[in-house]
Each structure stands twice: as C-alpha cells, then as structure tokens.
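As written, the chain order gives the labels A, B, C and D, with residue 1 at the start of each chain.
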Amino acid sequence: MQIAFVGLGKMGGNMVRRLRLADHDVVAYDRDVDVARALGEETGARAVASLEELVAALDTPRHVWVMVPHGEPTASTVEALGELLESGDAIVDGGNSRWTDDGPRAAALAPKGIHYLDVGTSGGVWGLDVGYCMMVGGPQEAVARLSPVLDSLAPRTAEESRHVIGEFGWEHVGPSGSGHFVKMVHNGIEYGVMQAFAEGYTLLNKNDPDLDLAKVAHLWEQGSVVRSWLNSLAARAFEAEGTSLEALQPWVDDSGEGRWTIEAAIDHDVPVPAITASLFARFASRGEDDYASRVLAALRNQFGGHAVKRVG
Amino acid sequence: MQIAFVGLGKMGGNMVRRLRLADHDVVAYDRDVDVARALGEETGARAVASLEELVAALDTPRHVWVMVPHGEPTASTVEALGELLESGDAIVDGGNSRWTDDGPRAAALAPKGIHYLDVGTSGGVWGLDVGYCMMVGGPQEAVARLSPVLDSLAPRTAEESRHVIGEFGWEHVGPSGSGHFVKMVHNGIEYGVMQAFAEGYTLLNKNDPDLDLAKVAHLWEQGSVVRSWLNSLAARAFEAEGTSLEALQPWVDDSGEGRWTIEAAIDHDVPVPAITASLFARFASRGEDDYASRVLAALRNQFGGHAVKRVG
Amino acid sequence: MQIAFVGLGKMGGNMVRRLRLADHDVVAYDRDVDVARALGEETGARAVASLEELVAALDTPRHVWVMVPHGEPTASTVEALGELLESGDAIVDGGNSRWTDDGPRAAALAPKGIHYLDVGTSGGVWGLDVGYCMMVGGPQEAVARLSPVLDSLAPRTAEESRHVIGEFGWEHVGPSGSGHFVKMVHNGIEYGVMQAFAEGYTLLNKNDPDLDLAKVAHLWEQGSVVRSWLNSLAARAFEAEGTSLEALQPWVDDSGEGRWTIEAAIDHDVPVPAITASLFARFASRGEDDYASRVLAALRNQFGGHAVKRVG
Amino acid sequence: MQIAFVGLGKMGGNMVRRLRLADHDVVAYDRDVDVARALGEETGARAVASLEELVAALDTPRHVWVMVPHGEPTASTVEALGELLESGDAIVDGGNSRWTDDGPRAAALAPKGIHYLDVGTSGGVWGLDVGYCMMVGGPQEAVARLSPVLDSLAPRTAEESRHVIGEFGWEHVGPSGSGHFVKMVHNGIEYGVMQAFAEGYTLLNKNDPDLDLAKVAHLWEQGSVVRSWLNSLAARAFEAEGTSLEALQPWVDDSGEGRWTIEAAIDHDVPVPAITASLFARFASRGEDDYASRVLAALRNQFGGHAVKRVG
C-alpha cells in the first residue's frame, strides 16, 4: 500500500527500508532534505522536500507515519499535518510520545475527520532485520486500513505465539493512547531488566575481575532462566568492550518512558520498586545524587565528628 | 561415560533421563527407593538402594552427581559420600548450595584425594528438552573428566555464541565455589527480571483490566527489546490462568539465592537496589510487612489523628 | 488582627482556638453551621453561616484563611471567595494543596487585585499547644500583613534557632507555590522517616517479640541520634497499643504529598529511593502488590514447577 | 564506683570525662600512652600504660569498659583482658561490635567466671554534655553492678519518659548480644532517617538553589512533624557550610551497622527497603555503581544505537 514517512532517523529510515523491501509505495520526508534524497536513491522511496509536497504526493485517503522525537517535534509535526490533511486521512505517531498526549491529539484531529493512531514501536536498530514489535492504539477502522503496512513492519510471529496473536508481531491494544501506554510500560520493564543484569554483572566483576563476562553472558543464553535478548546484547557488549568496560564512562541517559511509567504507577497505586530503582540508578550515574551525598557527609560530621572529604 | 546420581527429584530425575538418552551409564539413587526403581525401569539406569551400593556399583575413578536440596541434605550426602569414596573419585554438587559451603567441602575432601565440583544448574523443568545451562567451579582435572556428562546435559550452543563458549552450554568459571557463585548471581538477576515484568503487567492490568495480557506477552516476544524466556513463560501463564490470575494466591516463596546475592553484594559494596526490591516484594507477599504497616498506621494516628482500622 | 477562617476541622478548628487565645478577632465558617456555632461559643469567634456573611463581617482589607481538604474543596472555596472579595483582600490556602495549583490560583485572583498566599502547615493535632510550623509562599506585602496571625499560630522559636529565623516558627520561603512546595517536601521526608522507624521496630519485634518497644522508643528519646518527635510518638503508640500492635490492621493511607514529592523529584532528576520505598510500602499495605505477587507465583510455577497456592 | 576504660578516643575519652564529673574512680588506658596521660591530668583519672597495669590498679571485683573500634581491636582487647581478669570481674564492650560477636565472647569468658556486657552506645561527640543513650545486653547481676556507672553516663530521662524507663537513659534490653542488636537497629534507622532528609533537601535545592536551607532546617525544628535531632544537625551543617555544601565532596562512608541491619532483616524475612536504599546510596556516593552504569550504557548502545560517552 501507499504510505508516507516523516522522520528518517535511525528508526524511521530503517522502517522505510523494510517497507520498500516489501514493495510498499513510500513517500519519504525528513527535515534534512539530503537524508530523504539519499534514502530515496537507496530504496526507491519517493523523497519529498516539504510536508506540503508530501501531502500532494499521496492518493486519498492518505496515511502518514510520523517518526520524530517525542515532545515538541512530534507535536508540531502532527499539528502541521492536521492543517494539511483532509477528512478520511490518517496520521500515525510511531514515536515514543507520552500516552497522555494522544487523547488530546486525536480529539484535535477528530473534527476534521482525520484519524490518529498511536503506535508504540520496539526493536531499536535491529528492527530492520528482525521486524518491529508494534503496540497499536486508536480506532479500529484506521487500524484495519494500516494493517498491510503493520504486517510488513512487524516480525513474522513465532510458531508458539501464532495461536494467540496471529501471523504478524503487532497488536491493536485499545483506543487512543493505549499503544503508547503499553509501549511505555514495555520500556519501564526494560529499565528494570537492564538494571537487574547490570547489578548482577557488577557483582560478578567485583567478586572476580578476571571472570570473562562475555563467556558468562553467552553461557546464560544457552537454556538458562535469564536468557533474553537484552542478555544477548550484554554478550555482544562484553565481547566488544572487554569485561572491564573501561573505555565507557559510567553515564546513562534516559528518554522519558521510565519516568512516565513510574508516574502512571503512582496514579494507579501500583508499587514499582524495581523500575524506580532503575531510573534512580540512571539519575545517580549522572551525579544527581551528589548533593544528597554531601548532606549525608555533613550530617555524619555533625553528630559523630566523622571526617568529611573537602574539595580541593 | 559412567556416572551416579543421588537425588532423583524434578531436576535430578530429568538429568538422568537426558543422560540416558545420550547413552551414558547411569547409577541412580534416591532416598525413596521406589523413585529410583521406577526411574531405572523407565530409563535403563541402574537403580541402587543405598549409597554403599551406589559406590560399589561404580568403576574407579568414580563420579557421583549430588542433586538434593541445599543445606542439610546436601551437607550430609556429601559427607557420607566422602566416607565411602576413595582417592581419585569425584563428587559433583549440582544443586543450589550456597557458594560459601563449597570451599570448606572441597577442603574436607582434599586430604582423601576426592575431587569436588560445584555446578550451578539452570533450566528448571524445561531442562530435559532444552538442556541445562551449567556453571562449573572446581579443579580443572576433574572438570575435564566430567566433560562428557556436561556436554550431554547442556544444550548445544546456539550459532552466535559458539565462537565464545564452544559447542556446549556449560563453562568452567573458576575454582571451588565459583560455579555456585555465578549461579547465585544468575538467580539474583532472575529475581530482578521477574519483578520488573510483574510490576509492568500489574500496571497494565490496573490501567485496563480488559487488556488481554496473554496477547501482550506473546506480542512482546516478537522482536521487542524485552523478549526473553521469562516473558515467554508469562505468556504461557496468562494463557493458562487468564489475565486476572484470580485463582492464584498472592504468595511468593524464595529459595535462598536472592538473599545470598544481596549479602554478597553488601560484602562487595555493590548497590543492588532492583534485586533487593525483588526479594522484599516476596517478603511482603507473605505478610512480612504487616507489622511495619501497623507501626505506620499507629504513627499517623498519633500525629494527625488519622483514623486507624482496628481488627475485628 | 482580624481574620476569617473557612474550614473548622481538626486543623482549622484548633488554629481558631489558638488565635482566640492570642485575642485575635476571628470570623469562623464551616459548611456544617453547627460546628461553627459551637466553636464560636467555645472561643468567642464570630460564627457565620455562609461565605457571603463571612465577607460582609470583615473590615477591608479582608483576610480569609482557607483550611479545607485539598483538591476540589479548596478549589471551589477559593473560587467562590474570589467572586466575593475585592481588590486588596487576601486569601490564604493553609491546607495541603498541590503546589502546582498555587500559580494558577494566584494568577486567577491577580486581575481582581486579590492577594493569594500558600501556607504549608505542619503540626497535626498537637499544633494547638505547640504551635504550627508554617512555610509561607506568596507576595511579600501580603505576607507582611498576615504576620501578626502567623506569629500567633507559630511556636515561639527555640533559643538555638532564633538567630536564623527570628522569634516565631514560620518563614516566607518564596513566591506563590513555594510554601506548599516546601511543605510537600517536608511530608515526603516524613514518609521516609516514618518508614525507617517502622522497618527498625519491625526487625526488633521479629528478633524478640518480648522486647518492650515502648521502653526502646522512650529510651531512644534520651540522647540517641534518632531522637525525634516521630519517635516520641512511636513511644506513645507502643504504650497505648502494646508492642504487638495486634489491634491495628496493617493498612496505611496516604494523602498526596508523598506522591507529589516523588513526581517533583523525577521532574528534577533527583533520586529519592527512601521516600519512594515509603510510598510503595503504603501501597503494598493496601494489597496493591497482590497482582504482581500473583504474576511472580505464576512465573515460578512455569519455570520451576514450584507449587502455587490456589485460592479457595 | 570504680571502673577502668580501655580506649580513650572520641567516645571513650568523653565518657571518662563524664564519669569523672560524677566523681567515679576511673582507671584509663589507651594504646597511645600520651593520650591516657593527658586525659589523666585533665580529669584526675588514673592513667596506666598497659592492660596488666590496669588490672593491677583495680579492686576486685573489677569492671573494665572497652571502647575501641569493632572487629579485631575489640576482639583482641577482650581476649587479652580475658587472660588477665578473674572470676567475678566484668568486661563491658561499649563499642559498635556486631551483635553476633557477643554470644561467642560471653561463652568464651564464662568458664573463667568473667561477666560480659554488650552496651550499644549512641550520642556521638555530643554525649559528654547530653549523656549517652545506652542499650545494655547481658546477665542481670552484672548489669546491676554496673548501674552506678550507667546512671552517670546516661542522660537524665525527660519527664515524659520517666514512667516507662525510670530516671536514667539506659535500659537492660536482654541477654548477651541484645544491647548491640538494638543499637545496630538504631543505627539502621539512623541511616534511613538521614537519607530521607538528604533526599528532601536535595529536592529543595534543585527546585530553588537560592532557598536558604539553614532557614528551612531551623524552621522545621519549630513544631513540625519532622523535628528531630538529626534535622537540628542539618540546620547546623547548612549554617556552617552554606546551602550549596560546595566545599564537601559527595563521599559518604559507612561503618557496618547498616549492613548488619539489612542482613539481620533478611534473616528474619523483614523488608527494609528504606534502610537498604540508604546503604546503597552510600555505596553509590563512592562510585560503586560505576560499573553497573557502564553496563547500562553499553546495553543502550547495543539495542538503540544510543551514544555512549567514551573515556578520554
């Protein structure tokens, strides 16, 4: 089928590649026109230089997949498309938007008759080969129309899951916002799983710095209870960086979904201690615990006369 | 090769089955002689009715794999075998013993010339088909002698890991105690991974009790970042029990490795907040937080006149 | 000076009593007119039966202290007063409103020339005797005008703090919202302190149920590092309830400030693991961890064949 | 009464001073003989230059209070005294020994008829003026004999606690080990309380770096729910260091009791999430979370192509 992509970065670019491999008709736009042009030449997607051009290049009803950073970039893109599109067209937000943005966005587009889908997309840079795991929220009619594209982007479902979710690795999980909600929780879980492995590998390394953690990680992929894609990536990372990881700074970013998961959990009275510990560990990796540590050092000095380390 | 098994429960029994499928010569003992006899009839293992008989049935140098619950049962079994075996024989503790038990055990057997291996074994009830992921600690010579059995018990290594750990899914990870240490940390990680999934699925369920979590779990196995064996088990569990899980009591046991992981982490000054949160969540599932909650309720009543709920 | 109070519950009623003891001229309103009448008779405050009557009873510029539950009750009361008051009048929100409500409220009142102060108030049911610790946010001019009332409500500052905060236990901590922000953080800390004591007393009780915790709590008030008002309340609680606390249900409520503290911390990238653990412990006390425990039990059953407890 | 002190550091020295102010007959020993001599000249205590001299200087039955660092120093001191003392004498370990050391120590001394008391002592450098809060474990007879010294070291009990614990701020809390156990838990609570304040003050500082935290801390001492000795020390610290605390390194030590508290809690199945978070925050302040952060950064790079920061 025909679909337009807005945003051709690590995720969007590979999704276009995957769709072109399945012979879909793709119109591709990026704010960097050179990126669009190059991708067009590589894949046969039609590169366009503006949203106006993009809209003009599509047959009606149009389908536009937005794959830009969440927050302002997604907001302004969806708003601009809302101005340009017509009744019966559909916008897909495939990025990591906060799920609370989706309801208002859908409501703002509804009077014009424009459909809005929120698609939580997991798979990272590996999605091109493996396929993208997609959690889709929004009206059934628009989901049905997009299904050929979703089928092609998704992995083919593994045998043991086919009786439950069918042939392709995507699901319609509910109304507007639910796709991003399920994806947000997915990422919250991801934080916790990563943290558990990070803690365990740290303990192994502290106990015996000579233990080859690439071997341990590869070993655990062979039938152990913790075998998982994230652990297989740990195996690759230890191979690439060595067990010491000494070339890496201990600095970990976070991109929002962990925070939102915790806030949603608090709203629902759900204890999420492991996920929260994971987010706070990232904050601490960036020195955000330094002030608290100074308070503790100052208090210990006050009551016990314990030495503090002074700067400089 | 020839090997004896002591303890024919869920783990030991299946390991004998797997070894017999590979045509090893297995002598099998269980304190319940009927269990040994039945397994012998099923598999062709030679059932024996006492440790003395077991030792007599083996050619020298003998190899005895102990697969009984950790703590007293393992301690008394290893001690009894130590009395019966001779120089050049080898004992394998394949259970979940605390790694700090291994050094003393090895040292107690050394004067008699008996080798001791500690093998952390992961795979659960699935190991019969999949193979057992094994982390082996102890002297190189004994490890080499046991390798035919380890090869057969282990899964065949997946293609992408073969260049690192060779053809079979087991590794010699260091001297006495290191096998159980690495397995202990593996289980600590397992606690954290399970807890992360439990938190996330709970939030999904609270947000929308009608969301079919079997579908979500199966979906996440298709290319998502959190795909993992534990999540595939979550998919099976939700299929079997329904999303509500209403037939299950919220009561979670723990078997030691999580506690030991945290204690080892504290000994090494390693922060393990996610793993610790996981253990404490299990304690709380068993009502062990009730007294603390009473203290909090009493305090709130004292300072704010907030109502407490009284029993009865 | 003259001041009106709206809301005569546990907090508001005692604040009127304290102001009357200091001979301020108090106009008192509660939606339950009997409460207002009784308090008027007890204290000499002028009871009124409506906000209109209350406004009519005051000299200009008027000062109205709102002491009703946060959320809708405070919102509707402030809005109604905003309709009735005039330029130069002042509204004080002395309740536990979320600090993010204050900016919009102040902005809504500003065009009419009505001042708005947010006063975080700590002290609970003990404030009548001890005085109320108050954190005041808003414009300096209005703070100055209210200062006679604040002086009377506050405790007289202890000798060792007088050189820093002056004679009375209240402070102007910044612009609109800052009073409630500082109070919110105060309560977040309170959660953490209470949880630390609850954990410790639980461990003492588990280790030796016969240890008299009223004695321990009273003992710790004598020169120990943890001596604190909350621990002195623990001493009272154990005296009243006995060490077993057996008459209390393990059910702990929360009233919002803990949640907001964590959300503000996440917004500022500040790790707050102890405060978060405290909130989650309260959730768990109310069974909100039950579903997660069921997930864990189901997973353990899947991989290890561990028994689950079934309902009924 | 007559008592000997071994160890004249920050704690022991001040305790001798306090006992001399109450006219007790004190024999004082420190491995640094100059320290003992100077303290003797200052206080009138009899300085001795060896444990042998100390034992010779005492009337029978002798009482020796050991106040040296826990671990090896205490172990070797108690052992040496055990060689020198006689039946009917008593040794007091007033330091922060692990409670599990007390039983074996008492048992080792029992055959010689030497009494052993474990006294958990709180109060820090302030104890000289305020008195020491003491939790005493051991046989009743020896406790009774030491009571004049305990009375003098302890604070005079505040009025509101006198009906529960009597005139002086110490208590006999049980048999050998219980004094150190209760003190250990006290210190675990202390960790949690300090962490709660550190988290809260950090959030205040991040939200508004210009907010004067010395003012806030002093304010909270005036009738607020969190008023406490530790917060009064925070007030002093902010006064001394300024709100920024910029001269302090974010490095926090720990001395054992926090770890032991968590281990004891795990042994008793008691969830202690706030106390554990506090210990882990101290580990993290010392960079012990760096390796885990590297693992996380490497994993994010693997699955998402997220940039890592490389060293140098």
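The rule is simple: contacts are C-beta pairs under 8 Å (C-beta built on N, C-alpha and C of every residue); 3 or more make two chains touch, one makes a residue touch a chain.
For clarity, every value in this text was computed on a predicted model and none was experimentally measured.
A.B. asks: Could you tell me which pair, C-D or A-C, is linked by more C-beta pairs in contact?
C.D. replies: C-D
A.B. asks: Of all the other chains, whose mean CA position lies farthest from subunit C?
C.D. replies: Relative to subunit C, the chain whose C-alpha centre sits farthest away is B.
A.B. asks: I'd like the Å distance between the centres of subunit B and subunit C, where a centre is the mean of that chain's Cα atoms.
C.D. replies: 48
A.B. asks: Compute the distance, rounded to whole Å, between the mean C-alpha positions of subunit C and subunit D.
C.D. replies: Here subunit C and subunit D have centroids separated by 33 Å.
A.B. asks: Can you check how far apart subunit A and subunit C are, centre to centre, with Cα atoms defining each centre and the answer in Å?
C.D. replies: Result: the chain centres lie 39 Å from each other.
A.B. asks: Please list all residues of subunit A that touch 2 or more other chains.
C.D. replies: As it turns out, subunit A has residues touching two or more other chains at 124, 126, 195, 197, 199, 202, 206, 225, 229-230, 269-273, 276-277, 280-281, 284, 289, 292, 303.
A.B. asks: Quick check: in the complex, which residue numbers of subunit C touch subunit A?
C.D. replies: Touching subunit A: residues 225, 259, 262-263, 266, 269-273, 276-277, 279-281, 283-284, 286, 288-289, 292, 303 of subunit C.
A.B. asks: List the residues on subunit C that touch subunit D in their complex, please.
C.D. replies: Of all residues in subunit C, those touching subunit D are 122-124, 126-127, 130-133, 135, 154-155, 157-158, 160-161, 164-165, 168-171, 173-174, 178, 181-182, 185-193, 195-197, 199-200, 202-204, 206-208, 211, 214-216, 218-232, 235, 239, 261, 264-265, 268-278, 280-281.
A.B. asks: Under the definition above, what is the set of subunit B residues touching subunit C in their complex?
C.D. replies: 10, 124-126, 194-195, 197-199, 201-202, 205-206, 229-230, 233-234, 236-238, 240-241, 245-253, 273, 281-282, 284-285, 287, 289-306, 308-311
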